[in-house]
Amino acid sequence: MNLDMSVRFGSLELKNPVVTASGTFASGREFADFVDLQRLGAIVTKGVSLEPWAGNASPRIAETASGMLNSIGLQNPGVEAFIAKDLAWLSEHAPRLPVIVNVSGHSANEYASVIERLERESSVAAYEVNISCPNVDAGGMVFGTSCLGAAEVTAACRKLTTRPLIVKLTPNVTDIVEIARSVEAAGADGVSLINTLLGMSIDAATRRPRLARVVGGLSGPAIKPVALRMVWQVSSALEIPVLGMGGIMTGEDAVEFLLAGATAVAVGTASFVDPTATMRVIDGIAEYCHANNIERVSDLSGALIES
Amino acid sequence: MCEQADTPASRPALERVRVLGNERIAPGVGILTLHAPRCASEVRPGQFVHLRVAEGRDFILRRPFSVHRAQDGALEILYQVLGSGTRAISLLEREQVLDLVGPLGRGWSAPAGLAHALIVTGGLGAAPLGMLAEELAAAGVAVTVAMGAPTQERLVARGLYEAVARRVVLATDDGSAGERGFVTAPVQRLLAEGSFDQMYVCGPEVMQRLVAGMAKEASVPCQVSLERLMACGIGACLSCVVSTRDGLKRACVEGPVFNAEDVLWDSSEVPPKH
Amino acid sequence: MNLDMSVRFGSLELKNPVVTASGTFASGREFADFVDLQRLGAIVTKGVSLEPWAGNASPRIAETASGMLNSIGLQNPGVEAFIAKDLAWLSEHAPRLPVIVNVSGHSANEYASVIERLERESSVAAYEVNISCPNVDAGGMVFGTSCLGAAEVTAACRKLTTRPLIVKLTPNVTDIVEIARSVEAAGADGVSLINTLLGMSIDAATRRPRLARVVGGLSGPAIKPVALRMVWQVSSALEIPVLGMGGIMTGEDAVEFLLAGATAVAVGTASFVDPTATMRVIDGIAEYCHANNIERVSDLSGALIES
Amino acid sequence: MCEQADTPASRPALERVRVLGNERIAPGVGILTLHAPRCASEVRPGQFVHLRVAEGRDFILRRPFSVHRAQDGALEILYQVLGSGTRAISLLEREQVLDLVGPLGRGWSAPAGLAHALIVTGGLGAAPLGMLAEELAAAGVAVTVAMGAPTQERLVARGLYEAVARRVVLATDDGSAGERGFVTAPVQRLLAEGSFDQMYVCGPEVMQRLVAGMAKEASVPCQVSLERLMACGIGACLSCVVSTRDGLKRACVEGPVFNAEDVLWDSSEVPPKH
């Protein structure tokens, strides 16, 4: 049987549905010793802002039950350095790998300015607009928790590009469908679900929070049930495709997200445990398809039997 | 010699490794010996490995450990039991299989023409300096070592240093070996007496900072090895940053060894204490 | 050193801060073979409604990474049967154990009617009003996700009783502090945090949801970081005490909740893994206090060092 | 004899147990033998134990298993590898320590004056009926057994039944032992021929439902043992409910054995298949 792994995420053609989760894969270079980057469906870069951001104080991570907290705070060298170093490196070393740039900002204008600058770069395939980072004070999650804020950022970015615009949503909301609908209405071509859950960890021995910033974002297998639920809710309600993520460690996890309605999936925290995780997930999806006589991976999307 | 450590020739890899031995050498301290032929042949002094303690879900994160020694395909890791991961390590048995990512990071480097090196260790800080001391001695460099620990039995790897160093000075908090007190006192004296070309320091961050200050006063170049919480260990996640004069650096790739004068001690953070 | 384990939760005197989480301990009888019920700070009963509720279809549970999903749906025999069987049994077998009755309803009126009926029973020490169950269609979480709804139920119950009224909140909201403030303003004497996170699990092999009702509530260690964060946020903002819960398995976990600001803690899912979990948690808190020279457990509440 | 099963004399307890043996007896099927003196001395036929497969966080829930046999302080559990928990069980080694809660649930009961019992097993359904068959036979009750399985080698515990039963009839899907097809066909014939006072059935729920229907037609009282997903195993969580003529019953305390005529098959749900 010939297995067709390709998926269409809106107008984006991906050779398989597996991409990297922003912030967990840098811009690929660090993983080049472990994975064949060009086997990825796409790379989603770490968050890029207009100016350099210093991120938060240390400690920035903490381990939790089947998960981890991070409060990196979107440390990044700014869009110019990103283009000069990361984008250039990717163009040279993985020319056939679609690059989805994850975009951060403190205001709708800042998001828009990053995109404006990236529009001049031919090697960008799409944008993922992060309105959901729990680790920065202004911007970040603030936009993602209100329909108005979410729509405002989306619309500002939409004006500037015809490239696929994916908006990354936060799970820390009462009604994820409502937020997703508002970014769809504002012109998004897809949504990414989920960013991290806001959490906290305490060291009883020292009586201190484990993170310098006290709270941080929870990722990993612990959050998979919440992620699957939101992917299912949103993909049932929206027309635009969903990029699903949250705790994907294996091919089977990825299949669950596809069944729930995701068109493609992102692997995040798993790459820390196992730097080859993205490859294992791709292989695992293929194995599942072979074992279950599925000829096109895209047939899995939304194929949950609910009766 | 170890100039190459500056630009590690080797690339890291994911390697399945087998436990060759796991011995308790002091209260809460053990040596784990792993059959890890690839890493053992590539690792340079001061580099580390990122160990997966167990399959399953008990540990989402790997645990970073310096390589204490490497020979004949075997890696030695000197570990102290602090939390759940190191407790699990202390229970590993011969023939168990686990995996590591390594060798990782930038290790110690030796300036051209190095003649006399001063190595300063505090507690488990003795671990990442073992390979270095051996290589320096083998290359004919004179090595003086100042070791500190809470008690005599916590002066781990003392035998290794005594075997290769010209001189080993000891300090313990309780005076059970060497002089009573912190290692900083003998270091101060050694610096006053001797003429060192290079210092290498590892131990609690506060000790490293103090010793780095002494090195600066004595105008001896000094390298330190810093611990940070690490998720990826390969430079991707930015969880391990160290504040330096050139901005934030990742301890896992631009460290763990830094030139002491580059480190902005005030703003760097120690991992949570136990 | 003499350790004082007692805590005051509002006007409620508890001999120690450990209570059972509603729905995980039935009304105590089932655990009598494993624990000395009278050693508990209090028992929080399963949810009780005015009429009998049948609950949801099976399967009702699924295991997840460091957690579990449930969609029991508040199956219970109604308040009359509860009084005749459970309350009577407790009065006979654990007469000195404070009984906190967890109350459910489809409408503010129904909640109020349950309390009205229970006011005639002298063995009730307090009420925990569950406006946060994700597993029922009307009522339940619907009230807990809006300030108005939450205040409405709280006020309706408040009118009928002078007993301590604890309102149990759902974590599935954008702003937990806002909801907590509204129930405080409506007369609550305390809040319970957190009920389960709404989640979903899929069996890739059968392509079906693992729960008959598709979605259910996530509990267990996986959710502890989210629970700690909410306890910290709410206890920092409110005057009334917080009953903290979510993934407590050990005494150390419980101490973390106290440090975060909880006045007392509840043990839920842990009792399934280990029916003696509540006792282990009590002992573990005492050990922690001895090891850290703490003479009064109540001194731990909110003692997090944040500098 | 086993009348007492109706009102279990014993109370459940949390017991630390040690692995005495773990043998593979067919593809994906094994027998786990546990040193569990308290439970072994208290358990009645048809009761089950709630096993903690491993410490740590890999399994939040225990796994329920019927007791296949119990003697001299040892419990035998016949298990089929289906998912992660049973896979972990298949890897348990002698001397490993785990814990269980048990004995739990209401087991099989024998009516006064029982003379001839028909036991029907499907696949692993042979597990919870082993103790019963032995006890009935020892008490002088005539036992006929109808066993079904996919293949000859999956006719687990066949030896036990052949040792104690007056007659054992076999059916396999592939005809590799006994007649080809489902066990329902020989059961139908046995009911037509024989005169049984009581039937005991365990196997896939659809098989139990069909056999229960035959029992009803033949007016033979019939007990079935139902599987449900279980969190607590002791009656507290309501995850394991079975629809009966008297409303919802908890399989873990009011079952797993039910009188077939009480079960509302239409609305009862089977656990997810693999």
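The first chain written gets the first letter, and so on, giving A, B, C and D; residue counts start at 1 in each chain.
The criterion applied here is as follows: contacts are C-beta pairs under 8 Å (C-beta built on N, C-alpha and C of every residue); 3 or more make two chains touch, one makes a residue touch a chain.
Nothing here was measured: the structure is a model prediction, and the numbers come from that model.
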Labels of chains that are neighbours to subunit B and to subunit D: none
Chain whose Cα centroid lies at the greatest distance from that of subunit B: D
Taking each chain's centre as the mean position of its Cα atoms, how many Å separate subunit A from subunit D? 47
Cα centroid separation, subunit A vs subunit C, in Å, comes to 34
Two or more other chains in contact with one residue: find those residues in subunit A. 64-67, 206, 208, 220-221
Residues of subunit B touching 2+ other chains? 57
What topology does the chain touch graph have (line, ring, star, complete, other)? ring
Quick one: which chain pairs are touching? A-B, A-C, B-D, C-D
How about subunit C: which of its residues touch subunit A in the complex? 64-67, 69, 145, 172-175, 197-202, 204, 206-209, 214-215, 218, 220-226, 228-229, 232, 247, 252, 255-256, 259-260, 288, 303-306
Going by the contact rule set out above, which residues of subunit B touch subunit A in the complex? 11-14, 52, 57, 59-62, 101, 228-229, 231-239, 241, 248, 253, 268-269, 271-274
Within their complex, state which residues of subunit A touch subunit B. 23-26, 30-31, 33-34, 54-55, 57-68, 70, 72, 75, 203, 205-206, 208, 210, 212, 220-221, 269, 271-276
In the complex, go through subunit B and note every residue touching subunit D. 56-58
